[in-house]
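What follows is chain A paired twice: with chain B in the first complex and chain C in the second.
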Partner chain A sequence: MESATLTDRERTEPPRREPAVPNCVIGTILFVGTEIMLFAGLISAHVIFMSERIGELWPPPGQPRLPFEETAINTAALMASGIVLAFGRLAYNQQPRRALLPLGMALALGMFFVGFQGVEWVGLIGEGLTLQSSTYGAFFYTIVGAHALHAVAALICLAWAWSRLWRGTLGKAHFDSVQIFWYFVVLVWPVIFFQVYQ
Partner chain B sequence: MADASVTTVEGAVEHHAHEHHGPQGILKYIWSTDHKIIAMQYLFTGLFMGLVGGLMAYVFRMQLAFPGISVPGFGVVSPHEYNALVTNHGSIMIFWVAMPVLIAAFGNFLIPLMVGADDMVFPKINRLSYQVFFVSAVLILASLFVEGGGFGGAWTAYPPLSAQGDYNLSSLGATLWLIAVALEFIAFLLGGINFITTMMNSRAPGMKAYDIPLVCWMIVIASILFMLSVGPLIAGAIMLLFDQTIGTGFFDPARGGDPILWQHLFWFFGHPEVYVVLLPALGITIDIVATFSRKKVFGYKIMLYTVVATGVLSFFVWAHHQFIAGIDPRMANVFMVTTLLISVPIAELCFVVIATLYGGSITLNTPMLWALAFMAEFLLGGVTGIFLGATGADIYLHDTYFVLAHFHYTFFPIAIIGTFAALTYWFPKMFGRMMNDTLGKIHFWGTIIPFNFIFIPLFVLGLGGQHRRIYDFQNFPELAAMQPFRVFATMSLIVMLLFQLVFFYNFIQSLRKGPKAERNPWKANTLEWTTESPPPHGNWPPDQLPRVYRGPYEYAHPDREEDYWPQNLPA
Partner chain C sequence: MRRLKALALALAALTAFPGFASACPMCFDPSAENRMAFLVTAMVLTALPLGMVSGVGLWLRRRIRKRDRTD
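Moving on to the complex of A and B:
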């Protein structure tokens, strides 16, 4: 825009200032803020639900215990994915193409996380935990399912970022946006894990 | 740095293409990404929905005044139809009239023009926002005609009534209602992201934070409030949708759920929502009052900080809707204190407006009348709110017509008076023609006087103990005796609705034959008045985007001959 039509006015006056934070980063932060409030709503609903059941037999009779230990491994995989992505960002600052490997690893770890969850869900449904079987099950599938949907969406963004990086067209602002979204998915998970799987 | 420039060039190329190869013909008005056209789409959809909501009010008010009558144009109102009408009247007026017109239409139209940008920063997301909104509007209207009828569980949708088709007998209507509301929220999330980012990043060179017109600030603060409060309600809506369709038991006590949980999730959003729609209307009022009293806004920064304080406080008052829902009385006391506290900043805002008027050279034309009426009527709404905020009084007044009259005294000024104020003020800029001031004043008085005549009787009825959700009061001898009040309110409503014909006549006539508007018919300072009326695509010629040298309200500056000093005029 600046180079195409430079008028006298623009030559004499300073150009429109460069925004301190790029548009798509602000947009992503606002979106993630809303998502944080969505999960705050779901999690606080679960907290209230649990507080009304203090002293009751838990989990309810006939319902399986949630696989805390296996999911702890899975949680570690997701955390690792976030850390690898942080190293990817550092590598990108030096040489964009150096971020290809860490970004790919973050993507693979994220896919492992979602896949592992899928396997876990199949097992739990087999043990009789469904949305309708009890409010316990309903909360589990709603909250963890909402997170899984966000994880899949964020993985699609990561894959898109990786393909643009491969073609050498991934801008800094786009990398930042994808990174913020993935960090949201990574960091909201431990809260869900300790609240829902306890 | 290299990457940043790559992005900029890409953006510029994209924008360039959009300018020259945008949709042509009729598609221009449907598929455009221009913020002004999207604003018009929101405006006309919102006005249409306002008409639908107003006619719904006509039907159920007729039933209340003349129970069992065959309402002209509708027929006999059955109890279920009555419930569906009041529910959808409330939902439509808040979600499909107040929000699209005040936030989306005027936010879209004003923010880029007032901050000196050529468009929103995310034009395609903006278009998507309207499309999602349009689908939601179609769904809410469709929900009235499906098998079992529209949803009749009030706009608050309290479970267990809303949780299962067996209870509300309109399972399809309830589900469609819920999906429509959820889609509407998504539309406004997309819009809000645009408003906030545009105001942060696309301001004209020289425009500092305190040079932004207050109406832009208000719309942006309202968007932030909306985005922070809506998450828990979306969470609740997902859970309620599962209760309705899959058969979970989040909110249904019969299936091990907790109905009060929904009330918390709903009102955590529901109370900030009042301020979400109030703030844009207040910003519109302030801008109009400053222009037509030819005075600088008294205490620009005080106003801004007060509004932020109101916004923060509005997140801690929600349980005042639940005083008699069985919450802990100690908690109720806390919420009573915060609720009464919130009247302090609102009173401050009223005083700011009065101080702006004081000593001004006031022109009482149509927009100014609407703006002043907004303050007067909203004040009545606020004062009656104090009674309801006090736990002791609320036990008696809860769910009576007193509550109903109270929130109509807040929402009517916001949604209707605020809309007319903005529409009459920015009409020359939006459509390039002047509106007829005499017809505007006739419409003003024909709306304001009947409005008070509708709702003052309802205060009396509420104090007399009339409950909100009753279809026919003839079964209650004490309440049946107050029938003249109901008839009077209904008659006033019909008068008010008829006076809207004056507005539509004036609107269409002015659009066709009104005198051409110059760039700055009101001699106002803000940037939107520096471009043509109506503004061309891109708002200003690409090489003449404005620069800003001063604040938006420099009226009657002692050093200047003229009594206004546009923001873009070099010193």
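Moving on to the complex of A and C:
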């Protein structure tokens, strides 16, 4: 009797509608929005700090110069990973498994970027640039380190997406969420690069 | 009338604190570059969240309207 009542209720209920935007995409957008504000705050602090140092010797005496040219190559690798991921999304629309290669390439380029930065950091620490050595070092490691943390987190998400795609269980909404996170990591980097490394 | 007097008194009290206003780095910093840096970063940090919230809001509205049209 009870089950019959439930069925009647179910019959009278309006059909469930697809959400206009999936919850995971909304959640990722909100997260990325807060992280954009974090980086905006850090970069603003750096802009003001640098404006106070116009006309002074920069970098401070005894501190190494940041490797602009080498990091430019690394920046190109990160940008390429973003472009490859965009092609991956187009391939996913045609046939999900076709996105395996571009997604894997984006992951590899992202890993190259983080690995290259690790090597760069080892070199800079060897030359005497540390978090405590100067405000120059403190700004560098705080801003670039915060970005590297986000890059590692986004790479873990990309690897998770790739493994789900391999098993054939990656939904469009999850792909979009991971893509938004990775684009944030890719697009915030040039701002940091031209601000901190110049 | 009593409210008007209180408001006038509060406005008059504000003139007793010009020292606080002088602490504004955007208005009184001796370096022009520094003043400009404060101005630009203040504008960016004000406009960025407003722009993001309105952008996402408009995008959501468009998506919902599109879904409603197709339903």
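As a convention for this text, the second predicted complex is superposed on the first by the 184 of 198 C-alpha atoms of A that agree within 3 Å, B and C clash if a C-alpha of one lies under 4 Å from a C-alpha of the other, contacts with A are read in each partner's own complex, and residues count from 1 in each chain.
The working rule: a residue touches a chain if its C-beta (ideal position, glycine included) is under 8 Å from a C-beta of that chain, and two chains touch if they have at least 3 such contacts.
Everything quoted here is computed from the prediction, not taken from an experiment.
J.: Looking at the overlay, does A:M37 come into contact with chain B only (first), chain C only (second), both, or neither?
T.: Both: A:M37 reaches chain B and chain C.
J.: Can A:A80 be said to touch chain B (first), chain C (second), both, or neither?
T.: After superposition on chain A, A:A80 lies in contact with neither partner.
J.: Kindly classify A:G27 by the partners it touches after superposition: chain B alone (first), chain C alone (second), both, or neither?
T.: A:G27 sits against chain B, while chain C stays out of touch.
J.: In the superposed arrangement, which partner chain does A:M105 touch: chain B (first), chain C (second), both, or neither?
T.: Neither partner.
J.: Of the two partner chains, chain B (first) and chain C (second), which one does A:V47 touch, if any: first, second, both, or neither?
T.: After superposition on chain A, A:V47 lies in contact with chain C alone.
J.: Is chain A touched at more residues by chain B or by chain C?
T.: Looking at chain B versus chain C, the one contacting more residues of chain A is B.
J.: In the overlaid three-chain picture, which partner chain does A:S134 touch, first (chain B) or second (chain C), both, or neither?
T.: first
J.: Looking at A:A91 after the superposition, I want to know if it touches chain B, chain C, both of them or none. Which is it: first, second, both, neither?
T.: Neither: A:A91 stays clear of chain B and chain C.
J.: Once the structures are superposed on A, label A:V114 by its partner contacts, choosing first (chain B), second (chain C), both or neither.
T.: Neither partner.
J.: Shared contact residues on chain A for chain B and chain C?
T.: 17-18, 21, 33, 36-37, 40-41, 44, 48, 52
J.: Can you check the complex and tell me which residues of chain B touch chain A?
T.: 3-4, 6-8, 10, 12, 15, 121-122, 125, 189, 192-193, 196-197, 200-201, 204-205, 227-236, 238-239, 242, 246-250, 255-258, 261, 264-265, 268, 542-545, 547
J.: Considering the complex alone, what residue numbers of chain C touch chain A?
T.: These residues of chain C touch chain A: 31, 33-34, 36-38, 40-41, 44-45, 48-49, 52-53, 56, 60, 63-64, 66-67, 71.
J.: Which residues, counting only chain A, touch chain B once they are in their complex?
T.: Residue list for chain A touching chain B: 1, 4-5, 7, 9-10, 13-19, 21-23, 26-27, 30-31, 33-42, 44-45, 48-49, 52, 96, 131-132, 134-135, 138-139, 142, 146, 169-174.
J.: Per the contact definition, I'd like the list of chain A residues that touch chain C in the complex.
T.: For this pair, the touching residues of chain A are 17-18, 20-21, 29, 33, 36-37, 40-41, 44, 47-48, 50-52, 54.
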